[in-house]
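Both of the next two complexes hold chain A, though its partner changes from chain B to chain C.
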Partner chain A sequence: MKSNRLTRIIRCTLLLALMISAPVNADVVVIVSANCDATALSRREIINIFMGRYRFLPSGHAAKPYDLPTTDPRKAQFYLALTGKKISDIDAYWARLVLTGNASPPDEASSQEAMLDKIARNPWSIGYLDRSIIDNRVRVIFDPEH
Partner chain B sequence: MVLDFDNVPPFPGIEAAGDILQTSDASTSVPGMKQTLNLIGNLLQTLCIAAPLLVSSLSPAWADEESDALTLHYFGTIGLARATSEHIQYVSDLSQPNGSSAGNWSAKPDSVLGMQANYAFSDQTEVVTQIVSRYRYNGTYRPEVMWAYAHFTAENGTEFRVGRLGTDFYMLADSRLIGYTNLTISPSLDFFGQLPLFHIDGADLSKTIQAGNGLLTGKVFAGYTGEKVPFGDANWNLGDSPMLGANIDYHQDDWSYRLGYAQMRMKHDWPVSDQLTALGFPAVIVEELSMNNKTSRYYSAGLIYDHGPIQLQWMANKVVQESLGYQNYYSSYVLAGYSMGNLTPFAGVSRSYTPSKQLNLGPDNPFQAGVDHVLDISHTNQTTWTMGMRWNFRRNMDVKAQLDCIRGKSDSTFLFRGNTLGWNGSTDVFSLAMDFAF
Partner chain C sequence: MFGQWSQSILVRTTLVILGAVGLAGLIFIFLAAGVTASDSEDRAKIHLSQLLDTVESSVRAACYVNDRALAREIAVGLLKNNDVLSVKILASNLVLAQETHPGLNTRQVNRESARGIPIHRKIISPFDNTEIVGEIIVTPNRIEIESQSSQSVWFIVMLLGSQLLVIAAIVLPSVLYLVSRPIKKLSDTLHELDPASGDLLLPPTGHEHDEIGRLVSDINALTGRFLGSLHHEQAARETIENTEQALTESELRYRTIFESAGDAIFLIRDNIYIDCNDSTLELYGCQRSDIIGCTPYRYSPEYQPDGSLSSKLAEEKANAASAGETQLFDWEHCRLDGTCFSAEVRLKLIKLHQGTYLQAIVRDITTRKNTERMLANAKEEAEKTTQAKSAFLASMSHELRTPLNAIIGFAQMLDMGIPVPLALSQKQPVRHILSSGRHLLGLINEVLDLTRIEAGRMDISASTVAVTPLIENIIALVQPGAAERRINIQYSSHSEAKICADPVRVRQILLNLLSNAIKYNRDDGLVLVSCQEKNNVVNISISDTGSGIPKQQHVLLFQPFQRLGAEYSITEGTGIGLVICKKLTEAMNGRIGFESKEGIGSRFWVELPAATASHINVAPEIRTVDAPKNSQVHGIVLYVEDSPVNASVMEHIFSHLTEVQLIIAATAEAGLDIIHANPPDLVLMDINLPGMNGLDALLVIKSDPYTASIPVIAVSAAALPQDVKRGLEAGFSAYLTKPFEVTELITMVAKILGNDRRR
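Here is the complex of A and B:
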């Protein structure tokens, strides 16, 4: 009896560890508000916005990018698909820019749901999240995997 | 502006910073713009130092919730370097009085600890201060306010900064102390070693526009230097010297290019002039060799390719000295790295060279030997082969090992300290370091 319980605990622990450590293969897409006047953004323009190089939409309005939390594996997946860089390289990139005062990283949304709300509220904001949770308040403007 | 950190132990916390920051009136002899900049700088420093103490919500992360107006960042390098030659002291740049020699391990060349506080009043306005402790000209690790400025961003993207700013006239020059952002343990000695300037008190203005398929950024800056370098048993005050310059950067996809120019007019003479005068050198010769009110001009070009696992850097510079006593300087380096998982092996080569200036006093002139000796002080002629490995062993931290094989002529002494008879121009430097940035 005791042995069965122990086995169950070990199995649950292993399963949990697997869930935490397993690479996410979500369908991460870039979204803007449904009210955003931009109809399309190129990979180059999205890199410029998220990497702090040039944060303007084609209309000339300043873009407001948002990141998912560092602990969310979708963030690493997004930057790898967008730039080909590992998250450690992205960290080093931002370390250089922040510690030289040249640019600031995107503000952080605390979750995918918070990201969705922020993007929906601001027509000049831009973010990324799993395609499965988007609703009609936002629209997909770029798929970094393609 | 001179910031005095007397009686401060190495690596103090931010709690001590407000108490230890003092300003002196060493620059009151420079009128007009300098005094105004001093005043602005003092106000900004007070504000920047006070802000972290007044606000309690701290977030040591790169990306922050919108509500966090204050962010704190920490960075540092714990480094050990071992130079094989017993005839020179290996240093990371000319701001350091000594380092590693004769096979002894030294933490002096590469070890750095820094802290930065950013306080954003809005998306358009921010104040930033950074305090850094490293081995300095006076043989201490006394912390220094590296940057303290206000940053304004206009709606059209024009950026304006005023206060104490990082020297940005070489590509990557303003991030060279942040080891975690560098591929190597310390940036190329041949290229960056001759540049002991880390900040100016002044202002810069930059603007980025779309040009073709890329981004074109122009920046102009002006201000006053504020640093000293060791010079034999004395120090050479490079401070209070007016500096101005401009950069043009072009960025397209994985490629970044830069052309830069800066000039500095020396406010203070180097110690050599007093020594020559004491030795009875004629005033006309002393004046030819002096650095007082002489202009140094820095020309540079750089290229960075950064795609996926591949990193490639190339830079070249030329420093033209108006003084006959200081050699013109040419250097260049190329560095490549390739990431394989958490490991990034890297290799590069650099070269520094000064085509010797001549000051011919005529046959049998008794002062010729002394003049030649002065001209030798700033002479370099060497090549450095670099190889190493970076291991990102956990997020925001890395460990690096690096070997630099320096091969030069026996008169190539400029980039080292304390050279003695027997120096043949060659030494190997083995370095280990752990970097972090949060």
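Here is the complex of A and C:
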């Protein structure tokens, strides 16, 4: 029952997301600072960092992930592309952990520009953006669509 | 006491039901317990699995990020469920949380977890289905599970117990009501029943068609069969008793008859006397021991009167009797003292189970033999006497007829006026001579008839005779006598009746009765003759107006020589006429009788059988042939006669016939000489002749072709019918008995000579 309702919510959300994202049709990519020493990150490493399990870069330095605001459809697009899960599932995941545990979701950047700015400033930070607004301060390290 | 109780169907049924239901219940409880336990286990597992499902996504998150707080919270949440004993959550290499049921101490947990099988579930990453990030181990709480299942088991036990009680409560009264009580009732009825009186066992109400009803009808049928065979046996026993009694009585009866019989009785077996009665000892004058063991011919002379050997003949008779043919024969016996006696022996076979016996009944017939001998002698004597009487009568008849012939012959001639007519005063005396002579002749004839009737030698022929012509003929005969006394004879019937009788004898009877009616009538009287046919019987009655017959004399009427006083009257009579009539009538299957009233008259009647179609013999009619005129008769007549008187009578008769020459020969031999020398036209032949008799002479005449055609008439005093018959058979043309009627002779001679002449 619970799962049924869940499934229904997922379906509605997915539909909404598709409707919203369709006109955007943006290409969301994972970016790091241009100064970052990591050259490549696997999807698993990126998931571990964003989902709070293992927030370290291959160099051993703690990684600092950032999220777009929940209102930005690119966030859902990003998580769907990365984990195959809807944003509601991701939210539920974090709800369980945040209430009791030690883990916490990535900090939120107020917009893409703020995200770009934060990433550019911190070489151990990691975030995601629409490919169109990337500038040379950051570097695309992973394209979840591929 | 208990043994008796255990015999009761009710108790046994109860025990069986309780035992069976209890056993089945136990087995069922064990099965139910097992099933319930395993079911509880399964349900617990499913329950736990479902619990794990609800917390899985949380556990996945906790394990993914190694979050101990979340893991602990999850474990404590799971332990809120009573089915869960302990929860352990592991990340890939470290224990995130380990919690146990708060109500149990560690030792209990260890013990229980050793009993329970923990449920392990691998926890996979929330973001990668291929990656295992931890494990959750849940141990079920068996105490709780078992307590649940034992509750179920107890519930089932309770149910079964209640069912047992319900079944017992239903079955036992049913058995009591449906089986025990009717059977007991039946048994009580059976005890009170008296089958011998034919009582039938009635099935208890409501059980007529079930097994008890069948049992009752089976018992009734069995009882019926038993009674039937009992009665049969009783009847058979009674029959046997009766038979035995009858046998004993029969034996006693036989023994009594055997011992008290006047005849000697022997029992013979295997040709040996084995028993005899007391009469035997008397008859043979010996002891029983003398008889028993002897052969049957021991008391016989060596030879029997017919000359055969006694032993051989006795053996033959015994064999014949043994073959089943009862033998009855005369036997000569000898007593011990040697005296012999005749006996009649009846030898009979007696077949018994033990073997066959011969029973010989010996009767002393010496007396009977003597009587028989005397009787035979007496009979012989009587026959001799009868013969002598007949011979005497025949001879007397002959001897009386010869002189009568002369008397009647001459008287007739005188009466006829030969040779000269008589004077009127002479005529009456001559008539007296004639009638007296004829009376004498009649007397002789009647005596002869009576003799023959009494000897039973009467020839009666049966012919069909018309009654009326006969009666009219007889009336014509007696009319002259009646007319003399002015007696009127009336015959008015003119019946067409025909009777079956001997015409000569009927004529004799009627003539007798009619002449009596005239003879014993009064002058100017009346005689009525009538004839009636009724029921194949013709009744001829003749009534007169005579003095009648007194009643006391009626019984004497048909006795010989009874003239009822008439012997003292002037009326002539022999007193044997009616006797002859009666005998003749009876000989012709008729009846004769009379009724009479003194002073008024008598009526005599004769009943004779009417002629039927089967009587085809018609009596030749008595025809009277007109004699040729005496003047026309001529020829030579030879008369052979030894009596000169009779010859003289004949000469006188023939002197009247002028054209006829009469030659007399005194002996047959002389007659034959004359016949050869000069053959006559007619021979009149006496039979009793000296030397050759008339019959022999006739044979000589008939054997010679030269003389064979000459008619020969016998003229003899031998008047018995057999004489006449013998004569006619020998070849006489006619037979005249002396004394003959002159007119008859003349008629006969004239006829023969006339025919002769015409020829």
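To be clear about the criterion, the second predicted complex is superposed on the first by the 122 of 146 C-alpha atoms of A that agree within 3 Å, B and C clash if a C-alpha of one lies under 4 Å from a C-alpha of the other, contacts with A are read in each partner's own complex, and residues count from 1 in each chain.
In this text, a residue touches a chain if its C-beta (ideal position, glycine included) is under 8 Å from a C-beta of that chain, and two chains touch if they have at least 3 such contacts.
The structure displayed is predicted, hence computed values, not measured ones.
> When the two structures are laid over each other on chain A, do chain B and chain C clash or fit?
clash
> In the superposed arrangement, which partner chain does A:R44 touch: chain B (first), chain C (second), both, or neither?
After superposing on A, A:R44 lies in contact with both chain B and chain C.
> For A:A62, using the defined touch cut-off, is the partner it touches chain B, chain C, both, or neither? Pick first, second, both or neither.
The first partner, chain B, only.
> Of chain B and chain C, which one touches more residues of chain A?
More residues of chain A are touched by B.
> A:T70 in the overlay: touching chain B, chain C, both, or neither? Say first, second, both or neither.
first
> Once chain A of both complexes is superposed, is A:K86 in touch with chain B (first), chain C (second), both, or neither?
first
> Once the structures are superposed on A, label A:G52 by its partner contacts, choosing first (chain B), second (chain C), both or neither.
second
> Check the residue A:T100 against both partner chains and state whether it touches chain B (first), chain C (second), both, or neither.
both
> Given 76-84, 436-444 or 526-534, which one is the stretch of chain C whose C-alpha atoms run into chain B?
Of the candidate stretches of chain C, chain B runs into 76-84.
> After overlaying the two complexes on chain A, where does the chain B footprint on chain A coincide with the chain C footprint?
44, 53, 84-85, 92-93, 96, 100-102
> Using the touch definition from the top, list the residues of chain A that touch chain C in their complex.
Touch residues, chain A against chain C: 44, 47, 51-53, 83-85, 92-93, 96-97, 100-103.
> Residues of chain B touching chain A in their complex?
Contacts found on chain B: 61-66, 73, 75, 114, 116, 118, 120, 123, 126, 128, 130, 147, 149, 151, 155, 157, 161, 165-166, 168, 172, 174-175, 178, 180-181, 208, 210, 213, 215, 251, 253, 307-309, 339, 342, 392, 395-396, 437.
> Which chain A residues qualify as touching chain B in the complex?
Residues in contact with chain B: 44, 48, 53-56, 62, 64, 67, 69-70, 84-89, 91-96, 98-102, 104-108, 110.
> If we count contacts the way the header does, which residues on chain C are in touch with chain A in the complex?
Per the touch definition, chain C meets chain A at residues 57-58, 61-62, 64-70, 73, 126-128.
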